[in-house]
Amino acid sequence: MSIFKAAIIGGGNIADTNHIPALKQLAEQVELVAVCSRDLSKARTLADKHGIAHAFADTATLYRECAPDIVVICTPNYLHHPQTMEALAHNCHVFCEKPPALTAQDAREMAKLATEKGRVLAYNFQLRQTSEWELLMRCKADGLLGDIYHIKAHFLRRRGIPGWGYFTNKAMQGGGALMDLGVHVLDLALCALDYPTPDQVLGNTYDFIGKAGGKGLMGDWNPATFEVDDAATAYLSFPNKASIMLSASFALNTQQDKDRNLELFGSKGGVKLFPFSLHTELAGELADVQFPYLEEVDIQLKNTAAFLDACHGKPSTVCTAEQGAILQEIVERIYQSNR
Amino acid sequence: MSIFKAAIIGGGNIADTNHIPALKQLAEQVELVAVCSRDLSKARTLADKHGIAHAFADTATLYRECAPDIVVICTPNYLHHPQTMEALAHNCHVFCEKPPALTAQDAREMAKLATEKGRVLAYNFQLRQTSEWELLMRCKADGLLGDIYHIKAHFLRRRGIPGWGYFTNKAMQGGGALMDLGVHVLDLALCALDYPTPDQVLGNTYDFIGKAGGKGLMGDWNPATFEVDDAATAYLSFPNKASIMLSASFALNTQQDKDRNLELFGSKGGVKLFPFSLHTELAGELADVQFPYLEEVDIQLKNTAAFLDACHGKPSTVCTAEQGAILQEIVERIYQSNR
Amino acid sequence: MSIFKAAIIGGGNIADTNHIPALKQLAEQVELVAVCSRDLSKARTLADKHGIAHAFADTATLYRECAPDIVVICTPNYLHHPQTMEALAHNCHVFCEKPPALTAQDAREMAKLATEKGRVLAYNFQLRQTSEWELLMRCKADGLLGDIYHIKAHFLRRRGIPGWGYFTNKAMQGGGALMDLGVHVLDLALCALDYPTPDQVLGNTYDFIGKAGGKGLMGDWNPATFEVDDAATAYLSFPNKASIMLSASFALNTQQDKDRNLELFGSKGGVKLFPFSLHTELAGELADVQFPYLEEVDIQLKNTAAFLDACHGKPSTVCTAEQGAILQEIVERIYQSNR
Amino acid sequence: MSIFKAAIIGGGNIADTNHIPALKQLAEQVELVAVCSRDLSKARTLADKHGIAHAFADTATLYRECAPDIVVICTPNYLHHPQTMEALAHNCHVFCEKPPALTAQDAREMAKLATEKGRVLAYNFQLRQTSEWELLMRCKADGLLGDIYHIKAHFLRRRGIPGWGYFTNKAMQGGGALMDLGVHVLDLALCALDYPTPDQVLGNTYDFIGKAGGKGLMGDWNPATFEVDDAATAYLSFPNKASIMLSASFALNTQQDKDRNLELFGSKGGVKLFPFSLHTELAGELADVQFPYLEEVDIQLKNTAAFLDACHGKPSTVCTAEQGAILQEIVERIYQSNR
Amino acid sequence: MSIFKAAIIGGGNIADTNHIPALKQLAEQVELVAVCSRDLSKARTLADKHGIAHAFADTATLYRECAPDIVVICTPNYLHHPQTMEALAHNCHVFCEKPPALTAQDAREMAKLATEKGRVLAYNFQLRQTSEWELLMRCKADGLLGDIYHIKAHFLRRRGIPGWGYFTNKAMQGGGALMDLGVHVLDLALCALDYPTPDQVLGNTYDFIGKAGGKGLMGDWNPATFEVDDAATAYLSFPNKASIMLSASFALNTQQDKDRNLELFGSKGGVKLFPFSLHTELAGELADVQFPYLEEVDIQLKNTAAFLDACHGKPSTVCTAEQGAILQEIVERIYQSNR
Amino acid sequence: MSIFKAAIIGGGNIADTNHIPALKQLAEQVELVAVCSRDLSKARTLADKHGIAHAFADTATLYRECAPDIVVICTPNYLHHPQTMEALAHNCHVFCEKPPALTAQDAREMAKLATEKGRVLAYNFQLRQTSEWELLMRCKADGLLGDIYHIKAHFLRRRGIPGWGYFTNKAMQGGGALMDLGVHVLDLALCALDYPTPDQVLGNTYDFIGKAGGKGLMGDWNPATFEVDDAATAYLSFPNKASIMLSASFALNTQQDKDRNLELFGSKGGVKLFPFSLHTELAGELADVQFPYLEEVDIQLKNTAAFLDACHGKPSTVCTAEQGAILQEIVERIYQSNR
């Protein structure tokens, strides 16, 4: 098996702490040859820190000098589309950070080009790799849940408006809590239903707290420049009558600091994901099942490995380009709902 | 203050354990003169047990012989409309069990006739009288919550399909979990928003468990004759962008036996209703407020007293005929959604 | 179905609070016609309290005047054998309190006569009727446990030497904690293994605290006349290599006031009985299963009904004469062990 | 006080993390001069890591070149006997890992030779050095327990079959859970009774889970080559009628991952060891005593120091050669029981 | 043993629910012959309810017609002194409710007259009879505490201003929280020190909440007529340098609704009274001792029995006239402190 | 803003771990130029470890060679007075460890000279900088507490007699638990009342455990040389009738190892400090408020910064020279009380 040559685009935290360490642990399959950031000093610092040969300030130079097989895109959301299109144009497999893009149209274009080029385009929804989600999928496959017909999914922070980066800038990020947090649990919920497209979507977004200001638990933010949703709620209804209730928040007057969970209700059993519990009937009685020894795993490492499986043409659990386009369209329909 | 003469229509459990005891405790305002049930022996038994003078098998005789000022309707849902119309026609104030009717059209007719007759028509949503709800309304009035923009409301049972009465009969009850349980928390959620009409409603209903059968925690039920929703979920969106997420179930594969609660999110504070906790900022810090000494109150007694307040022309917290019509229309739109 | 005529022998607490109420609830199958106690006033009091027609001071009169179909024996242990033999001789079905007898030889004789007479002889080990034990037997039948190969069974009290009756009198009771408490959990453990006879038995009995005296939690006892075991421990080994560890105490320096439980270890799953939890593998992970909605049942009522099932020739879960003889032999071998 | 010269035989984990660090902390009494392992590279690595002068591949060279005063044996069980005999023959004090040997006969020979040579032979049962066991021995000495007459001792793992080394190899280890885990708690139980020899032993061993395979919590194991007991249970009865119930498992369908404890029942008080609680009478009332400030200690350091005390001829709490022989005989009798 | 004739003076709740039931349970020693209340209808009602022969409206008639041996005084505080003096003048033993009197001078006169008359005068501090206090006194006697040198005693309510009776009337009750609640725990603290007289007393009383009004948990009160202390705190210093910190409140902004406890610190051990825990050294380690099986007892029955013991000349644990005078003087010094 | 030159006097732990690290983090305002200790090697070691230029053995040389602007005094208590006087004489600002001095007279002299010299003298009571205390002062300022009228303050250790340094030497430390621990919570309590001088003080000190010896949880101590209070209790009464109950201990037979807390009772609200909870009325109900997200802060860093604020003439929360003198006088009055 030959080894892929990979390059990282984007010099921020997600590259430093997630993607680079994962790729380095998978050195038998992939060699990380370059980091590219418009701020060359950032690229250089990362490259030095992790022992990567090259650092570039522009992607043109990157493609010319390194000709990577794989590109990992870790830049702000508004760059996902142009950089992915460029990478595919250079016949690279692309592993792109979530969310896929700013618009559904962009995400569909990205998927189309990947298909045309015969290259893998995948998105980094790494919660799919948690032990809990793997167990959920095994329970589903074993028939322990029956038909799943309703899912409650939420990713809520009480006062977790990120006080750094571009998280409150609408033009660069495309949205707030829904775009940054909601997509993670939405991706899982869609997986549980085999990634259908909803026939109806209804939702609302809010910015009361973001625009009013207050105590921050993830740094301070500037209410004067707050442009995105601090909370979003939505209901998705599918052709088979299954439904999803979704909520996400950067800021909400709720008790817990952080609360991320899914509840999945099936005809034979229901599951609460974190911590994993299964609620069903066993031996003629209502039974609650706990799995006390689920392993904590390195979900980024596993998701990067899943992406590489896809590049090798193997079965993979990574989020595909087509799934990413479906998800992005749902996000867009939520933002456009109830205008 | 003269004393009202009241009659009970319906000889079931809700008359016996809720309405009759409440009316008897309010003897300074109301005299309970008759019980009417198509099963005369039931009416007679109740009358004897509670020391009520008359028992009737038909309402015509009741109106002719007793001429009540007040009628309390405790019959199956499909009788709410005709019996209320008849009572109003006899110039009675009417205290009707929930839900208001089988259809929105019926509920609107009932409200219209009450207005024309200048009589009070009210529905028995007694959760409004809990100490928790009273405190919620006081917090709202004191501005502790700011603008309420999202509410999660649920009334879920794991395996609580009622194994008696007509609860699984669609023609007589009009529906299942949503009609029987969901309306209680929907009424509260609407109160918190000052009872607006939603501009959009999206929902789904299910009957997987009800039709499959299984272990029952409120008696056994017959899956072969199960006709109603065992679970319902919905999203309501209002003109001011506020939203409500609603779920109700007789049967759902969830952990808790019974779980009834509301979470209300406002711009200044949020509340979880049972047990009551307020989440806000105080003295510049995020604060959680508990109220450990809320009284347990007799909510039926208080709601019946509130109905009598309305009959006396005083301010009242009871559910009005107009509110009942709004609520019934929402229920109908949920049942018709996603068909 | 004709109705059995039943008589109670013994006028103590177990007759008053267990057997008589159970028989009266089963009035469709059995009529309780007499109470017999050597202390006639006790018999008379019980008969009056429970509306039973006859009270006798000797069994001869009982059999002559009433000719019962069923006799329930609620006397001290040393009378179980002679009274059962007499009842069988009168062609009665016999429901005898535990333990079966003072010796294995007696228990075997009782079983032999029952067989010869074609009558039911059963012992009142009512823990078999708990919801937990029923569920255990269902789990076993469904193969959830695989082969059960080791059982820990204990019935321990910290300072529960009964301060009344004959519990510390060796001649009348035959033993102490093992005879009174240990037999209950031993019976269950044997059931789980399909009631085999052990090939080896090793045990010890103690009386340190009983003879020293001290604080009592079930009344005071007299250390000077304490003749029985205050604690007993034993190990049973069976031909198929399965094993049982048994302990019972009236008095032991342990933390809990009362601690009665069984742990059953099988090749596929293990169970702790109170509260019921199942420990196994599910979907490839170690799983702990709780059954939070097991019903509390009237175990005496169910065990009496099981005895009547046996009298009717139906399948029954009641402890048979043969099982009682096996159990009594084990108890005897424990008492004789390590002498 | 002159300083002992010590050598380590065996290059595995127990040498690296237990014995070598302990000996180095006791540098005032002992100098660690050599490590010997059949795999010389292992010996060399350990020696370099810990700054030890010599590394050898065979013991003959070790004795010839270093002439140690003390030998610490950290090899697989089947080597304990030959290597101890050799060390004693070279007039060394020997500190041998547990269990003493593969057979009782071997352990007796080892003890006999130590006596003849006038050298210390001791076994590394380091749980004797826990604060809890020290406190138990002080409570016993102060008379707080009276006569100890029954002990429950267990060392259970749910799925802890070691997935490395030789733990499932019968020829090299002599047994499984009993040999590896059971001996620890058996040693403590025997200490509490002053190390008597039981007059009767009855037990059973099992291998259902080990041979069937399944989820492992201490690495994976190969069921096809699993030769030892995955669980063992036994009952020991002593001449003074005291008794011990023992259980040990690598794999058992129980709730806890790891559960190691002793309960000791005496005529005046009882103790549960982890966490330490004393159950007794005080001031005329039943009392439970907690000791919330017991120190966590380095039990290997303390046990090595105790061994050195013995070498210096001082009183010591280390497990003696004679105790080791008694223990090994009991283990053998359990394995031979119920064959 | 002849039987005492007893009379109750005072027709309130304490007579009805405490003293009369206790006296009736002690019918072998005492016959309750009369109830006396200025409100004759109250006296009559009580007498009828409890089957007492006589009811009187004035004490003169009572003494003339009944000539009681024992008088139990259950009237408001300001009547304790005159009614006790009158009863002693009639050669009665007197069992008087707490506090002894309004002033120290009154309490001393009462004690003096009892001595002169050779009659028992005792006060009803019934917390002395709790199992916890009995155990404390046994621990003290057994030397488990050594010298007790500091005691924290408190009896605090958060919003427990009694909304009935005369509790907020200074002239009739003499004070508030200190007089009604503080005296109970002060009596216990003094007992633990063998009832010494303090050489120094320093304290303060408050009425912020009582005079401001607010939410009540024991009924509503009228802030306009609130005349007493809603909280009191004090420090007592004794000749042997022991000290007591005392606090009592009807109303205080603290967390718990009701909090009544003592902590006693001795040179060998310390005790927290509710629930009872002993903190000391045992076997060379710091030990915490719990007594999980203390009985709940009828403390009024036991205190009344103790009073009768005193009347019979037996040793008694009841609060004596002299102790009452010491306590009353301390209360007076606290009220006069820091004026 | 020019930078202060600072010198540390005292080479112990408090200098090493508290003051030097704090000063170095504030390098923009202050340069740490010297360490002075009578043990020159200690001074040299500290200077080297922290990169400080000079080390001196006597203060005369320090002042001559370095001419510091600020002196931080970290020596045993008996040196606080002479070294502060000397530093002020050299026109230095002084940051002195607590307690201020051995006597009230000394503390007053120190304050007087500071005033005369126009220099800042402050004491290091760093608990003022906890998030909890800051929140308390904000709640007080916002009127949430109303008038504070009673404070319970304690700083208790069960067996925490420091086993090192001079803590049990009366001449060098001036006292024990009160001088070392009590002053911390006394300072806070006085702050809450705006630092008034009490009109009455009553207290006692004890040394039972210190002189008897026993188990130590902060090292061993020598009972033979134990000269100070192991426990102290006091009551302070202020002109406005407010009061403080104070207790402090190195050793006390209580349950918790360490227990440091204040409860403050005001007319509108009460606070328990650790963890912070506010008890008040809100929306007409009794409310308990928690603040779950208070930050842990570096209290020494904040207190040193507050001292520097004072040196810059800015508002500061540091303990002033005048406050120190008031506190020292109270400590002295407690020690002299009840002699």
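Letters A, B, C, D, E and F mark the chains in the order given here, with residues in each chain numbered from 1 onward.
Assume a contact is a pair of C-beta atoms (placed from the backbone, for glycine too) under 8 Å apart; a residue touches a chain by one contact, two chains touch by 3 or more.
All values derive from a computational prediction rather than experimental measurement.
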{"item": "Identity of the chain that, by mean CA position, is farthest from subunit A", "value": "E"}
{"item": "Proportion of interface numbers common to subunit A and subunit C (over half same, under half different)", "value": "same"}
{"item": "Distance between the centres, which are taken as Cα means, of subunit D and subunit A, whole angstrom", "value": "51"}
{"item": "Approximate Å spacing (C-alpha centroids) for the pair subunit B, subunit F", "value": "61"}
{"item": "Subunit E-subunit F separation of Cα centroids, rounded to whole Å", "value": "42"}
{"item": "Contacts with two or more other chains, residues of subunit D listed in rising order", "value": "159, 215, 217, 284-286, 288, 292-293"}
{"item": "Parts of subunit E lying in touch with subunit F, wherever the complex brings them together", "value": "146-147, 149-150, 152, 158-159, 199-200, 202-204, 206, 208-209, 212, 214-215, 217, 231, 233-235, 237, 241-243, 245, 247, 252-255, 263, 265-270, 272, 277, 279-281, 284-286, 288, 337-338"}
{"item": "Partner subunit D, residues of subunit E touching it in the complex", "value": "135, 138-139, 142, 144, 278, 282-294"}
